[in-house]
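Before anything else, here is the set of structures, which you'll find just below.
First subunit A sits with subunit B, and in the next complex the same chain sits with subunit C.
This part shows the complex of A and B:
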């Protein structure tokens, strides 16, 4: 028994050490800095002024609250739309048809694609001189690039949402395809033989069966899109700005006080993600139990 | 009625596929065209100019074998970044697999106190955003001298990769039967032999998938490399980002094509392993 315990401890120590020192250590250090503990510039007292400044000061409060609004809008919209798109694609694509394998590959293609590249792709396709604007111009819908709607680097975050839909739909798609495959069509055939129509089969048979996987995938997607930097940095505007970009820019600011505020902001982002994930988990678990 | 509906479904799928592939088409047109001005849809002339400017293809007239070798030996920025990305990805993947192997075995096969807590600690980097830890770590690494070093970048890449490799391999070990090892041992095989002849072949397929995707996670890392590398460790994502911000579409497209090449290759070779059931897929959420 003692030997086994030693084996467990020895095996688990290296990965735990990495996570605890680098990840939790980084968070702890960020937390200390955000509380004003900055030995590098001779500040040792603990205070909440960085948090107060970010949340309520005249200088930053407006930026923060609009940024938070944008964050919530982008994360909810992109998670929901990507999931819906993937659900319909997966339901339609599992039937046999011409070029099914190719379609399957294309729908999974964005899965290993780095977010950065997807963001660049959105600029190429949706900007005012992008591929779609060119199509629109050839077809005579618009006369000049300025007439094409602003879809990237826009203040509503459309470009950011599009990029996340592009990328995460593939993630949802793969997960849904495998769930649907493992279920087979027995349940649906049974429902059909009992007289359920297409909508009823979808609502009362397929949806409850795929929901648990859809929920857990959407937690990952939501948390990621809430805290990621690259996509909003490339596709966003200066105001309103998503919180991770704001935190990063505070941090790189030569003014060392802004650095504390950047740290405070990054801790706030982490806290919000944690709270939202817990609420989401709690709601969906209750929902799944009820179903 | 029903067959009409089916037709509409299938056309919708084709339309979706075309829309999904538009960025890729735009990448190739941008990278291989010259003066692709609005409102042309099809470029008037094809050109390798972007590739010549990135010093990946020699100027016309020097496109011999020696020309290529000379050009690449002059160590252009893209080649340097490519080598850095490959080296970091490879090192981090190997280290993470070696570290994760014993841990995953213990987590997959044994039950013990605090197991849930340990798994919770292990997966927390997959939910909490990287910006939450990397800003603090950045300052820490500066004082430890890791900042701006290759080693520092490798260490920080382990954070997003570790949880994912441990989880995937835990899944593999959960379906693994260690009795075969006992049999090999009673038949006289030593520990090393048992590992290479019994354990490794059984876990290899899952391990390869875990490794390939661990590599991809490292390959696509921007923020962590930027902050810990402090501008001294140049990798492909950093190059893509700075070129994209400076706004030259042809150069951005050309570097992006190099950047996505391994991703597509890996998807192509692993598509039969990639299904939502395998833990491997959950790692994609982080790329």
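This part shows the complex of A and C:
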């Protein structure tokens, strides 16, 4: 019995150590800096002024609250749309047909693609000097490439959302395919034999079965898109600005005092994501208990 | 007899000078010979932005070879994605308690905000710049040299080369003669060419844009002279509203109607190269030459400058407080100021992008002068007339303006 216990402890310790030192160490260090503790420049006081500055000061408040709005909009919209696209793609493809392998390959292709590359690709294709704009003007749909609608670097974040859909749909797709494949078609055939139509089979059989996986994948995608820097940095405008970009600009400031604001903003981003994750867990637990 | 007195006076004077020089030698060394001796047989770890093959090759060929042959020092050039990486490394080393000669970085190619970060945190070795023998070629009395982005250098970095703000246009699209030569003319040009102009947003990472706006203050207020010296809130408050008014009056005719702005040089170049805007900014005395070679601007791009108020500045070498080979770093910082090597860095054929770090007028030996003249006559047709640039040259102003302009531009132009 004791040996078994030791074995568990021994096998859990290395990953736990890494998680604790890297994750909590980093968070703790960031928290200290956000509270104004910066020994490198001789600041040892602990205070909340960096948080106050980010949230309420005349200088940054407007940037912050519009940025938060944009963040929520971009993360919700891209997560939801990517999940929907992936769901339909997976449902369409899971049945065996001649091009299944090819389609599978194409849909999963951009999974290993770095977000940075996808963002640059978006610029090449969708910007006002991009491929589409040039084709459209060559073909005479518009007079000059400049008349092409603004799809990247737009203030509503469409370019960012598009990039995330493009990228995360593949992630959802892989997850959904593995679930659907392991389910097989027995449930559906059963429902069909009981007289359920196509919509009912989707709504009452497939959806409840894939929902848990879809939901946890959504949380991963949401948390990622909420805190990621590179896509909004490349495809965003300077106002409104997503929060990770704003945080990074504090770090670019030559005044080391501004690092406290940068850290405060990063901690705020982390807190918001954590709160959302907790709400999600609470919701799913409640649902499981209900079932 | 007379001759003897002259000789003795000379000897006394030279003794006095050598005393003076040794008093100015970099901390930790008694004389320049001490420095050379300590550097002999060692290595120098040079951390610099590595994004240009031309610059990398220049450093390896023109500095690496003489360092080895003349001083027996091995050059270890470490390429960086951005100078801020080196700054953060020094900062982390400080936080980890790495002191003495136990750091990793001997030299950082640096200026402006990164320099200020390190100087503010007292992470630099020095003052050393005046202790370099070739410091005599540097125009230390020029505020463009002794102030870096308006903040005092205090001998904590030594110059390498220089840059000056001016513009680029594409000769395939526009004519040199039609280019605006002042902000007033630029206003008319923008109105006549709606959607064809934008500027880099003043802000972190976009100091070129801040500089573009700063120069408007100079023109509207009737000249840069009154802005030199300590920060003057009253003067700023008097002119700032007029600057915002001008910038807002442009807005409807800017690229994307001023809804957004490019945030750095790279974005600006790509808008220009893609034909979305007609004007671009450059900092090189060779005008469009370096970006044309690099392919970031169309090969037909050329340079032009306003006739006044074009801000020029210098870039430098700094030595971290915990540099492992301080002596070798000093030898390197001195070497790059050799007149013939300075002439080499201006020669377009050698691929480097920047201008003089020394004052060419201070060079007196024949070989140095010949090299300098040759370089001056060789700048290529992508460069603006050097006389126009020299006439328009003004220095940067107190650092306080920088932050103020960035914050106020955001409040009064971007968010208005």
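As a working rule, the second predicted complex is superposed on the first by the 259 of 291 C-alpha atoms of A that agree within 3 Å, B and C clash if a C-alpha of one lies under 4 Å from a C-alpha of the other, contacts with A are read in each partner's own complex, and residues count from 1 in each chain.
Keep this in mind: contacts are C-beta pairs under 8 Å (C-beta built on N, C-alpha and C of every residue); 3 or more make two chains touch, one makes a residue touch a chain.
Just so it is clear, the structure is predicted and the values come from calculations on it, not from any experiment.
Taken together in the superposed arrangement on subunit A, subunit B and subunit C clash. Of the two partner chains, subunit C is the only one touched by A:253; subunit B is not. Look at A:8: by the touch rule set out above, it reaches subunit B but stays clear of subunit C. When both complexes are overlaid on chain A, the residue A:18 reaches subunit B alone and has no touch with subunit C.
Legend: residue contacts after superposition of the two complexes on their common chain; A:93 is shown touching subunit B, with no touch to subunit C.
Look at A:153: by the touch rule set out above, it reaches subunit C but stays clear of subunit B. In the superposed model, A:107 lies in contact with subunit B only, and not with subunit C.
Taking subunit A as the reference chain, the count of touched residues is higher for B when subunit B and subunit C are set side by side.
Touch criterion met: A:129 reaches subunit B and subunit C at once. With chain A used to align the two structures, subunit B clashes with subunit C at 91-99, while the other stretches in 91-99, 109-117 or 145-153 stay clear.
Contacts of subunit A with subunit B, set against its contacts with subunit C after fitting on chain A, overlap at residues 40, 129, 145. Those residues of subunit A lying in contact with subunit B across their complex are 4-5, 7-8, 10-12, 14-16, 18-20, 22-33, 40, 85, 88-89, 92-93, 95, 97-99, 102-103, 105-125, 129-135, 137-138, 145, 166, 168, 170-171, 174-179, 181-182, 213, 217, 219-221, 223-224, 226-230, 233-234, 244, 247-248, 251, 262-263, 266-267, 269-270, 273-274, 277. Interface residues of subunit C facing subunit A in the complex, by the touch rule stated above, are 84, 91, 94-95, 112-114, 116-117, 120-121, 195, 201, 203-205, 256, 259-261, 263, 271, 274-276, 403, 407, 410-411, 414-415.
Only residues 6, 9-10, 12-14, 16-17, 20-27, 29-30, 38-41, 99-100, 102-103, 105-107, 110, 112, 118, 121-122, 124-140, 143, 155-156, 158-159, 162-163, 166, 213, 216, 219-220, 222-223, 237, 240-241, 244-245, 249, 252-253, 256, 259-260, 263-264, 266-267, 271, 274-277, 281-282, 284-287 of subunit B touch subunit A when the two sit together in their complex.
Interface residues of subunit A, counted against subunit C in their complex, comprise 39-41, 59, 62-63, 127-129, 145-146, 150, 153, 155, 237-239, 249, 252-256.
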